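Please find the structures below.
Each of the next two complexes has subunit A plus one more chain, namely subunit B in the first and subunit C in the second.
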Partner chain A sequence: MGERYSPPRSLLRGIPITIWMLCLVAVPLGYTFLISFFQVEGMQIAAKLTLKNYGLFFTDPMYSRILLKSMLLALAIASLSILAGYPLAYMLSFRVRRGKQALFMLSIIPLWVSYLVRIIAWRTILGNKGVINSALTALGFIKEPLEFLLYNRFAVAVTLTYICIPFVFIPVYTALEKIPRNIMEAASDLGAGELRTLLNVVLPLSLPGLITGFIFAFIIALGDYIIPQQLGGTQGIMFGNLIWSQFGFAFNWPFGAALSFILLAISVTILGLTSRFGSTEGGFLNE
Partner chain B sequence: MFSPAGGLRPRESFRSERGMMSDENAIELRGVRKAWGDVVAVQAFDVGIRKGEFFSLLGPSGCGKTTTLRMIAGLEEPTEGQILLEGRDVSRVPPYRRNVHTVFQDYALFPHMSVRKNIWFPLKMSGVSLADARQRIDRVLRLVNMEGLERRLPQQLSGGQRQRIALARSLVDEPAALLLDEPLGALDFKLRGAMQKVLKDIQRNVGITFIYVTHDQTEALTMSDRIAVMKSGRVHQVGTPDEIYNRPATAFVASFIGEMNFLHGRTLGAEAGMPQAEVGGQRLRAARSTVTGTPGAGDDVLVCIRTERVQVNSYRATEHEMAGTVRRIVYRGTDYELTCDLEGQEVRAVVSAVDWDPALKVGVSARLGFNGADITFFPREEEKEVVQYATDAV
Partner chain C sequence: MSRPAASLRRWERGIGLKAYGLLVYFFLYFPLLIVLVFSFSPTKTIVGISGFTLKWYLELFKDQNLLTAFFHTLIIGVGAVGIAIVLGLAGAFFVSRVSFPGKSVFRTLVLLPYILPGILMGISLLVVIKALNIPLSPFTVLLGHVSFTVPVVMFQIMSRIARMGPNYQTAAMDLGANPVQTFWYVTLPMIRTALIGAALLAFTVSFDEIVISYFLTGTWMTLPVFIYGMMRYGLSPKVYAISTIILFLSLALIMLMSRYTGRSAEVYRVRRPRE
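Up next is the complex of A and B:
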C-alpha cells in the first residue's frame, strides 16, 4: 500500500490536469492580464507597460455607470431565475413520482440547443410580427404591435432569465434530492403543513443549492454580450458589449482586456464571498 | 429495577392503575388493510390499544409492522378500514393534524437546527409561547437526561444521544401516542440494552401510549404490555408477553419467539380433555391443540415443546419419557444446548448448567422427559410458516 501512494506516483497523476489547466486557463488569462497593461500605437499593440487602460475606466463615468446597470440587471435576472427555477425543481423533486428522470432531462434540454438558436427563437416570440404580437392582434386585444417587448432591457432580462433557469434548476434540484425524505415526514409528523415544511426545513436545507444557482445565473447574466447585442437595442447595452466592442470594432485589445479583468475581479469577489455558503453538491450547511 | 425480569411486577401494577384511570382506547384499528396494487402489506388488522399501554408490533422484516405504524402516523393512507385516535376517525387526516408523533429509525433530526431548535419545532408549529416552550424544552431535556447539549447540532451527537433527542422532540408537546419505528435498531448491542431501560422508564414516567415496532423478540417481550405478532401482513396473535410466549396461537408465533422444538406426530384422539398424539411410538398428551376436525383421525400434527422444557437425564419425574441419542453438545456458559436424535427426529434441549449431567457425551443415550402441560399441537400445514433460528438467537 505504501508504495502505491508514493509521492512521485501522485505527482505523475497530477500532470494531465496541470497541463489542461495551464493551457486552457492560466496561459490565456495570464496573456490577457499582460496585454491589459499594453497600449495601442496605430493598429499595433505595443508592449509598453502602462496603467492608462485602467485609468480610463475610472475616469470616464460611462463605464462604471454601465457596469452598475449591468450588475443590477444581472441581479434581477438571477432573482427571476430563482423564482422560476426553484418551484420547478421543487415540483419535480417532491411532487412527481413517475417519469421523474424524463422530466429532469426535459428541464435541462435547452442546454442541448445552440445558444444562438434560442436567442433567435426569443426574437420571433417578442418581435413586432412575433408570436405574442400576432396572437394579441389576431385576438383583437391590440391594433398596433407592442413595442416594449423587443430591443430593450425587458427583452434582455426575459431571454437571459430563460437561459439561466437550467443553471439554477440543476443545483437546486440536486440539493432538494439530497434532503432525506424522512426529514420531511418528520416535519409533517411534528405538525408542519407543506408550506411550513418548505419554509422551516426544505428552504434552509436547499440553501446551498439555491445560492450556487443564484451565483451561476448572476455571473452568466453579467458577462453576456450576445443577448444584449441581439435583443437589447441601444437601451439594453451591457458591460459585456463594451468589452466586445473593444476587441471587435475599436481594436483596442489592451483596453478590452482591462475591462475584462475588472469584470473578472468582480465575479471572483462575489464567488469568493458566497462560495462558503453555496455548494455544487447541494450538501447541508456546516458540512 | 428496570431489568427485564424485575420489570414485570411494576408493569403489572402500572397497568391496573391505568385501568382505573380510563378504559378508553387511545388508538383503535378497525379492519385496516393496506395494499399497493396486488401487493398486500397489511390485512384485516383489528386492535384496540389502551391509553398508556406499551404496545409492540413484532414480526420479521416485510411483515407489515412498519406500514401499520405509518398508517397510524398518517404517513400512509389505509386502503380499507378505519383508524381511530382517541375515538375520532383519523383515517384521512394528514399527519400534521394528528396528535401522534413518530420516532424514526434513523431519528430524522433536522440537521440544520440545534438540539434545542429541534425540540422546539413541534411547539413552534402548535403556536406555544416562547416562555412556555422554554420551560417544556428544559423539562423534556431533563427527562431524557440530555441537559447541557442544547446548542449542539445533530451531527455532533452520538447515536444514543440523537436517539434521546428524537425522543425528546416527540414527547415535548405531549402527544396522545408515540410511535417508535425500530428506534434502537441502529444502536450497538450494549447501548440497546441501556436504551431499552431508558425508554421503558420514560414511558412509565410520562404515561403516554407507546406503539413500538421491532423485529427483536427479546425487546418486545421485556418492554411490552401487549404484543401483536405479525407475518406477511397478517396478525397472528395479540397478547401479553406471557400469553405470546406460553400460549402461542400459531406455529409461526411459537417459532418466532423463543426456541421451540417441532416434532412430527399423528393425532390419537383425546383423553380426559387432553388431546393426544403419537411421536416415535410414544403417546404424548398436550395441554393445548389448535388442530380442528375430528380428534383421533390420525391427522399429521406438529408437536411443539420449548427447548428449556425438555428434561435431560433429570431427577424430576415427567409424564413422558423417551430415549434419544446425543448428537451435539454446545456449552453456552449458563447452560448447555443439547441436540438429540429421537427416532429420526431432532430434539433440542437447553439444560441449565446446574442441572447438567456430566455423563452426557456425544453418542450416548439420553433420557428425555416431557410434561403434557408444556406440549402444544398445531396443524401440520402450519409447518411452512415456522421460522428456524440459529441456535444462538435467544
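Up next is the complex of A and C:
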C-alpha cells in the first residue's frame, strides 16, 4: 500500500479516472484550443489554421476594453467579498464561543443555496418595482424609482459579491482556525494590542487563506455570464457574455473559442501563481 | 493606560465587530427571506403586503412542464452522482495511494471542471459534442454533470483517506486479508460517511447547476434551465414558489450532509466478517 512500492499493476487502478479526465477535461479543452485557430466560412467551421481570431482580439480595442472592464469589476467584487468575509471569519474564529458551529453553518449555507434563486432574489430587491424602490417610495423618500439599482455594473457587483462571500469565508476561516492560540497570547504578553496583533500576527498567518479566497472570488466573478445577463443590462456586459454571444447569435465558434482560451489562460495563470502562496483546493472540497 | 479602560475599549471593539458580522449575516439572508415572503404573497409588491396564499404553489403542481423538468433534474442528479461515486472513489484511492510521474498535474486536471469558470467547461464540452455529431440530449446533460461531480466526490474522499492514513489497511493485509477483503471489511466501512457526504454534496451541486447545463441542453430541460427560461418573461409569483421549494430542498440536503462530513462524522467501524 505504501507510496514507495507502487508496482505498475497499481497504475491500472488509475484507468477509470484517467479515461474520465481525458474524455471530459483534456480532450474538450484541447479541442477548443484547436478550434480557436479555425475560421468560419459561411455557416461552417473550416479547419484552416489561422491566427485571425486572436488577431481580432488584440486589434479591435472593444474586446480588450471589455476584458479590462471585467477584470476591474472582478477585482472590486473580490475586494468587497474579502471586506465582508474576512471580518466574519475573524469574528467567528476569535470572538465567538457559544454557537460557533451553528454560526459556521450559517456562514457556509449560502454556498449551497441555488445560484438561480440568489439571482432571482437580487432582481427582486433591486428592480424598479423592487423591494428597495417600493420601500423608499412608501416611506416618501423618493417619488420616482431609483434607476441606478438594476441593469448596471452595481447590480452585478452586489450579486456576485453575495455569491462570493462564502468562497472567501471558508479558506480564511480554515486559515484562522489553524493559528495556534498561544501565539496570540505571546503577542498580547509582549504588549501588542488587538489591532497590532491582527496586523502583525493574524493577517500574515492567514494570508494563504486570504489569497485563496480572493482568487476564487476573482475567477468566479470574471467567468460569470448569467448574472451580467440577468442584472447587468448593457452597461454590465462582461467578458463571459462576450464569449457566450459567440456561441449564441453571433455564431462564431472559433472566435468564441479564442476568447475562452484567453479567459482560461488568465484563470490558470492566476491559479498557478496562487498555488505557490495559498492552497488551490481552498478547503471547499475538503471536509 | 489603566487596565479597566483598556478592557472596556476591547469590549467595545468586540461589539463593533459583532455588529458588522450581524450586518453580513443580514446581507446573506435577507435576499432569501424576500424570496420566501414573495412566494406566499397574493400581490407582487412588498409594501402593503397583505394576506397569505398558497395558490402559487398549487399552480406549480398544475404546470406539467415544470414537473417534468423537476423529474429530469432528479434523474440527472442521481445518474451523475452514481457515476461520480464510482469514478471518484477509484480516482481518490489512485491519487492518494499510488505514486506516478506528473501526479500534481493530474490532480489539477481532475480539479479543473470544478474550479474553472463554468462557461469554459460548458463551451468546450459543447464544441466536442458538436464535432462528434452527438445531438443535445439527456446524455449530453449527464456528461456535463459528470464532469463537475467527479472532482467534488473525489476530493471529499481524498481528504478522508489522508486523515485515515494507510495503517488500517496495512494491518488488515498483515492479518491475511486480500485486497478485496481489505476494501470490503475495513476501508469501505471507514469511508462510508465520507461517501454519503460526498454523494449528497455532489447531488446538491448537480441539482441547481445551470452554467454548464445551459450549453448542453436541447429541448430536454432540467429544472434550473427551465426556470431560467421562465425568468425571461419577468419574475412571476410561480418563480418565487419554485425558488422557495428549491431553497428548502437544498437546506435539507445541507443539514443531512453536515451529519456525514467533517470530523464529527468520523466514527470508524469495521465490518465483522461472518464466521
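The working rule: the second predicted complex is superposed on the first by the 266 of 287 C-alpha atoms of A that agree within 3 Å, B and C clash if a C-alpha of one lies under 4 Å from a C-alpha of the other, contacts with A are read in each partner's own complex, and residues count from 1 in each chain.
Everything that follows uses one rule, which is that a contact is a pair of C-beta atoms (placed from the backbone, for glycine too) under 8 Å apart; a residue touches a chain by one contact, two chains touch by 3 or more.
For clarity, every value in this text was computed on a predicted model and none was experimentally measured.
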| item | value |
| --- | --- |
| Subunit A as common anchor, with subunit B and subunit C clashing or fitting | fit |
| Touched partner set for A:Gly191, first subunit B, second subunit C, both or neither | first |
| Which superposed partner A:Trp20 touches (first subunit B, second subunit C, both, neither) | second |
| Subunit B versus subunit C as contact partner of A:Ile183, first or second or both or neither | first |
| Partner chain(s) touched by A:Ala46 [first = subunit B, second = subunit C, both, neither] | neither |
| Three-chain overlay, vertex subunit A: subunit B-subunit C angle, C-alpha, nearest 10 degrees | 80 |
| Which superposed partner A:Leu199 touches (first subunit B, second subunit C, both, neither) | neither |
| Superposed model, subunit A: greater residue contact from subunit B or subunit C | C |
| Three-chain overlay, closest Cα atoms of subunit B and subunit C, distance in Å | 5 |
| Subunit B/subunit C common contact set on subunit A | 285-287 |
| Sites on subunit A touched by subunit B in the complex | 180, 182-183, 185-193, 196, 200-201, 204-205, 284-287 |
| Subunit C-touching residues of subunit A, taken from the complex the two chains share | 1-4, 6, 10-11, 13-14, 16-17, 20-21, 24-29, 31-32, 35, 84-85, 87-88, 90-92, 95, 105-107, 109-110, 112-118, 120-125, 127, 129, 131, 134-135, 137-138, 162, 165, 194, 216, 219-220, 222-226, 230, 240, 243-244, 247, 253, 256-257, 260, 263-264, 267, 271, 280-281, 285-287 |
| Contact set on subunit B toward subunit A in their complex | 73-75, 94-96, 100-102, 104, 106, 108-112, 121-122, 124-126, 153, 155, 169-170, 173 |
| Complex interface listing, subunit C residues touching subunit A | 10, 13-14, 17-18, 20-21, 24-25, 27-32, 34-35, 38, 44-48, 86-88, 90-91, 93-95, 97-100, 106, 108-121, 123-128, 131, 143, 146-147, 150-152, 154-156, 159-160, 166, 169-170, 173, 194, 197, 201, 204-205, 207-208, 210-211, 214-215, 224, 227-228, 231, 235, 239-240, 243, 246-247, 250-251, 253-254, 258, 261-263 |
